[in-house]
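Please go over the structures that come below.
Two complexes follow with subunit A in common, the first pairing it with subunit B and the second with subunit C.
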Partner chain A sequence: MHGRGRNEASKPEETAAKALELRSLQSQFMSNHHQKIYTQEAIQLSAKLLGINPDAYTAWNYRKLALVSRINDDSDPSLVNSIIDEELGVVKKALDRNPKSYEAWYHRNWVLSKKGRYYTSLENELQLLNDYQKQQLVNDYQKQDDRKHDNLRNFHAWNYRRFVVELTETSAEDELQYTNMINDICFSIYSVWHYRSVLVSSLVAKKADGFMPKETIRRELDYVHNAIFTDEVKQSGWFYYLWLLDQTVKMETPLRFSSWPSDGSIITTFCSEFGSFPLILYFDQAVSGVSSSTVTIDSELNGKEDLVWEPVSDNKNSQVDSCVWVARLKFDSREPCFSRKEYKVKVSLGGIFSSRGCNLTAPYEFVFTVLNTVGESSQQGIVSWTDGFDNWDDAQSKYLNSLIALNADTGFE
Partner chain B sequence: MSSTSSSQMVQLVADKHVRYILMAEKKKESFESVVMDHLRMNGAYWGLTTLDLLDKLGCVSEEEVISWLMTCQHESGGFAGNTGHDPHILYTLSAVQILALFDKINILDIGKVSSYVAKLQNEDGSFSGDMWGEIDTRFSYIAICCLSILKCLDKINVEKAVKYIVSCKNLDGGFGCTPGAESHAGQIFCCVGALAITGSLHHVDKDSLGWWLCERQLKAGGLNGRPEKLADVCYSWWVLSSLIMIDRVHWIDKAKLVKFILDCQDLDNGGISDRPEDAVDIFHTYFGVAGLSLLEYPGVKVIDPAYALPVDVVNRIIFTK
Partner chain C sequence: MIDLPPYPPLDPSNYDLIVVGTGVSESVFAAAASSSGSSVLHLDPNPFYGSHFASLSLPDLTSFLHSNSVSPPPPPSSPPLPPSNNHDFISVDLVNRSLYSSVEISSFESEILEEHSRRFNVDLCGPRVVFCADESINLMLKSGANNYVEFKSIDASFVGDSSGELRNVPDSRAAIFKDKSLTLLEKNQLMKFFKLVQSHLASSTENDDTTTVKISEEDMESPFVDFLTKMRLPPKIKSIILYAIAMLDYDQDNTETCRHLLKTKEGIDRLALYITSVGRFSNALGALIYPIYGQGELPQAFCRRAAVKGCIYVLRMPITALLLDKETGGYKGVKLATGQEIFSQKLILDPCVTIGLESLSSLTDQENETISVLVPKALINKEKVARGICVIRGSVKADVSNALIVYPPKSLFPEQLTAIRVLQLGSGLAVCPADMHVLYLSTLCDNDDQGIKALLSAMSNLVRLPDPKNQQSDSVVENDTCEAKPILLWRALYVQQLVKGEFGGTISSMPSPDGNLNYNEIVESALKLYEQLMGSEELFKEETSVENTTEENDDGVDIED
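The block that comes next holds the complex of A and B.
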């Protein structure tokens, strides 16, 4: 469907003969498939069909059914290995015909994920892939010189590579070395730069040795400069460069945060004798390491108990990064220390980092006041944490009312 | 697109394309046709949608198409690429889209078809293509588009489906087929289309993606699918519809793209090819005409960028029970 010249017509008799042969193969195959015939002859017929037409997806399904019918968990390992070899051979022939066949690549993936741990030649798989990707195409129809690296541009091969890397537990560091090797061959393969960005991001996120954010970005900036100066017309290096610059900007930006209660605010507790209210920290980047050792509370309210900080996210694991962290500050008016009306709470933060490596540039603290008015009515000018907007003063209420009026006029919801 | 034309400017030879499509249907025994036998359902969707865009759907026998189409349905509810083949989500969507063109979705056992699609959703929100488990964001789009047309989106976990798609977002703003896979215009269309249909476009970095997409336009005006690749008419659809869905279509030179598509026509025999002077096929004929529709070329009906069906067909689906 792609890249065929308009006037490249073959002789009609040849195509008619080819069409008849294929039609006959297809009918025989369908008959075997529907009758669930998995003899050697039938299986070989499906291989012949796939060699001519690698995209005939039903034939790949048939081969999977045939494999499952021939081997199970108790099968002899040498039988399993020979069947895997056979399947991989069929895939190879199909890929020679159409290197972009989704079905062929998936069949290889399926066979190895089903039976890969029995396969004695699994470690060869990565080497086979390396050879395939580095192979330079010298066919006559490759009219342009840079098309000789088309195997490196085959995204199916890169997707399959990620599968094999996971199956063989190859390290991200080793794969990064591989991208170095490929870039030495040709600097303008976008797939390689994309893969590099994924590997670098994951190594930085895992805080791997030698991959601290700032040093990594600086090293990569030097590396990509080579690519850009070698061939400035090609886009691939430039996209990677743009991504690195974006990371640099993000890293230099100081971490910012806000809190509830905010600095200088007054909280009224008047509903119960004891209870708790939330202390919320909001950061402009996802951070980890928020705990009672990085966030200290200086107040008579809290007593000796350490606060438990939890990230607000789907993942309840406290190691996860989150922009929002919450702890509960308890109070008990029955405690002797709670006899006074007013308590100051000082919260100090330090040593908190975002996943990009940004941190609070200096220890930071904020102070708020807790008013104990058990049994008394609320006062003016105080934000009540129990009742929402009811206790706003006149000026604040007028503002809110004017906003509501504006909404009514314009009909916004 | 201005209606003034110089004698040198190529026009859309719509009648020739209609004739090409109708003739291709009759050439079932050519080698090219036999080799594509297994994806006839897709070919039918491409051909019929093109005919509808050129307002010539009436040239085919609705009865003949539909009776063949129904022979492709499996007992599981899914549709195969052709009679006798195995069911797959790819052909299930095409079948539903073809029935939508003819306003005959009501002949389906909607519960059965939608269950087939819904059962293909995995725990992490992704979708498999069929019982053999291949996962790809193409299938996420197909499931969401298909169930949306059948009004059964509530049969899947939409939130998880969206979450999986977002996990396939790359550092360049684009999307790949699985997490970590590189950005590709076809996958981008699928992910952006799925996010559009589920009201989740806020997950897209529109400026980053818009820039990556508009950089697909090459000097001759055609679009490629990834950096360093050749222009291809089918990207007039994948890239263009994505740009429209994220409100960034003005970032490409539309007039130049129109000229590129028109230059890919076979002016004698009809049909459109991947690039000028290459062999034509139904696939590229559809994407060329669909691309021209998105570019508001006169004489071509308006197409919906997310559903890939004429807008009047989509409206009919949305506004009827």
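The block that comes next holds the complex of A and C.
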């Protein structure tokens, strides 16, 4: 629970004797450490020290050094296993003494990450963790059931759990089920809700089955409503609720975009009888699915051909999400239908989705005018499109994308 | 009159206390008295322990019910004898009162049941469970009798109605969270109410009047059902609280027929019992537990405890007469069926032991006073409890073996005046063979027909009668049906009279099984009687060390203090 100190009451005479023993152990240990003595005996000594004081991080580091000195990549697997067993045994003793020792948990983490692949009992690790978390401590029916589930509240255990899950490649869906089960026992544990948010985010990002953003958030909102209505005093549910609302806010913002040419502008073509100019769409989030089926051009300029839309990004694959999309609009004033001076071009967009599920809330159109001035040159507003966007290099396109992201809040339309 | 094989005379023939009948109250009494040093002789006419609280096989149960029910008058063995005049005693003949009526036993699958007949341990006083915070548990812990019994959890608790749907009872914070049938607002209201009760209970243990919320004195005196309305609990929730958690019987809203309109004070006590039971023992799933091998294990446990402390046990030993002092009319002793006379200071009797009305006329006033508790009185409130037992193949709810189901008043049919409680128990409790379950039903009633009718209604809601045509292909049909109601194999219906215990000086009478689900009232009344009879010493106080027979049973509930 928050704000409670560790309960270590003992009589003065006992403390004095303990202190003496500890001091002698410590001095012996330090000499071993300084001289890099890694014999069996020395290692046992460090284990004894850690049994009394699990927070002695120097001792843990010593053990790390000892382990490294004893095994290397081509050591016999059974030796590796037995050494790992030994280390985990020491960690367990330390955790019995202080279940919230950062150093002990980290050591466990370190040991397994170093040699986890070789460890035969890796699958057990998750099971052991399950047992540890569900173990009920206090057997007194007068205490509120909060106290019984102290092991469930140990955030170190949850942290470690994420590590083990990654190592054993357990599926996120399974883990979500696990949090369901834990919530059924006690739904006021901060760590569980936090873990849930991590799992849900990763499942939505992976686009896993049944985890489309909108439906997931709806489901989770219904779920957390149960918690906050049943006991509004318990804060952990509220934090998760706030996080969910935060996700919703991001999601329900409509997709915003800008274009060049912008609505109501006048483009002057000159100097050439035919050519093309780019039509550029900027979105405030990376989108995919911009193609001639989602973007329709209505004008005399356009021939029967469909426009090819390309994303401006380092990957020229059109499946990629990008904030910037370009197509080339061709004009040819030598064609008989291009005898007029002015042509209106109407561009309509619809059905474009961002990776977060936002879309254009309504089909949007913009109209610009193309002035055909062959021969007459005007010095005003000349923009030369000699290069086009094909030669934009990676850095520039990345820069442009990031600029747009930064500008998301300035409300361009 | 009674055929008994020759029995050696008991020695000694003088005791501090004689107890007749090995029901729960009598056994607790014997254990307590023996522990405090009294010499006790404990007799029972049956060949088994437990009397009306025993767990028996199907044939034994059948014959017990029949022999203890309203039946043709006992063979006129002898004309009412004038009290015989040997020694200085007057002998007054005793008569066994029948506790049961309307007994009806039906068997639908006789061969199968015959085959498994010894695997059944069926309770006479069912449905009955033990609450984890029940007085009986405390007594068992105190006396050390808990070493002789093992318990398992009841898996789930449901509320039923005429639609056949069984809804979970939300009895704890975690259960409320999980419950899919409550609306969000209902969850909030119910939790608030629980918190109020908990805070009130906490405030009574700590003397902190200012900070903790209490229920006002005025509210405590008001009817519980009104208090619940005041708390703005919707009818569905009120019903759950009244009948599935506080375990009330009578329809509290119906002031005409309600025998016992509960006050808030009592209601809170009942809720407290339930709430403190949830989570009392770390491996109990909920508030309710059940002894493996049947409820008959409980009186046996106390008897064992008594025997260890020196109590003498004789089964198959009825008593035929009381012996009263000629001069004073006071109690002297009893006459056994073997003819032997045994003397004691005090006597505790099974509720079935009474005196024939014919013998009364010839007694003096003093003698009458002595035996006052034995005179069958005209019962004013003829309260009875109708009980039913079904052996079924299958379960009333898929994936659940041991469960309690409560039908609040009016939920099954509109004239249902009292709650009907149903308990299903499975083979995990060693009460029946593997693919079967035992179903216990009970409801309080005014007359036999009313009670039986209510039970049959509940049965038809839960259980399917075997179709005589499809008897062979029954198993095939079962697999296909989506309703999948379990099939009835055997059924017993009976109505039991409710007899209260009574203190009568040297001769006192114990209560019959009551209509409740737990043992709280029975045990409390036994303790009260003990205090009246033996003085107010603390019971079982020297039982500090416990004989450790710790068997590792992963599913069993560890009863620890």
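Assume the second predicted complex is superposed on the first by the 244 of 413 C-alpha atoms of A that agree within 3 Å, B and C clash if a C-alpha of one lies under 4 Å from a C-alpha of the other, contacts with A are read in each partner's own complex, and residues count from 1 in each chain.
The rule we apply is simple: contacts are C-beta pairs under 8 Å (C-beta built on N, C-alpha and C of every residue); 3 or more make two chains touch, one makes a residue touch a chain.
From a predicted model like this one, the values you see are computed outputs, not experimental measurements.
Applying the document's definition of touching, compare subunit B and subunit C: which contacts more of subunit A?
Looking at subunit B versus subunit C, the one contacting more residues of subunit A is B.
Which partner does A:Asp209 reach: the first (subunit B), the second (subunit C), both, or neither?
The answer is neither, since A:Asp209 touches no partner chain.
Considering only the touch criterion stated at the top, classify A:Trp158 as touching first (subunit B), second (subunit C), both, or neither.
First partner only, subunit B.
A:Asn226 contacts which: subunit B (first), subunit C (second), both, neither?
second
Examine A:Phe187 and indicate which partner it touches, taking first as subunit B and second as subunit C; both and neither are also allowed.
In the superposed model, A:Phe187 contacts subunit C only, not subunit B.
With the two structures laid over each other on chain A, which partner does A:Lys64 touch: subunit B (first), subunit C (second), both, or neither?
A:Lys64 contacts subunit B only, not subunit C.
Once chain A of both complexes is superposed, is A:Asp76 in touch with subunit B (first), subunit C (second), both, or neither?
Once the two structures are laid over each other on A, A:Asp76 reaches no partner at all.
Between subunit B and subunit C, whom does A:Tyr195 touch in the aligned arrangement: first, second, both, or neither?
In the superposed model, A:Tyr195 contacts subunit B only, not subunit C.
Please work out whether A:Ala19 is in contact with subunit B alone, subunit C alone, both, or neither, and reply first, second, both or neither.
After superposing on A, A:Ala19 lies in contact with subunit B but is clear of subunit C.
Which subunit B residues qualify as touching subunit A in the complex?
Interface residues on the subunit B side: 29-31, 33-35, 37-39, 80-81, 84-86, 88, 130, 132-134, 136, 170-172, 176-178, 180-184, 212, 215, 226-229, 232, 266, 273-274, 277-281, 283-284.
Can you list the subunit C residues touching subunit A in their complex?
By the definition above, subunit C touches subunit A via 132-133, 172-174, 176-178, 184-185, 187-188, 191, 276-277, 279-282, 560.
Within their complex, state which residues of subunit A touch subunit C.
136, 139, 141-142, 145, 148, 183-187, 225-227, 229-232
Any idea which subunit A residues touch subunit B in the complex?
The touching residues are 1-6, 8, 15-16, 18-19, 22-23, 26, 30, 34, 52-53, 55-58, 61, 64, 102, 106, 109-110, 146, 153, 155, 158-159, 162, 188-191, 194-195, 197-198, 201, 234-236, 239, 243.
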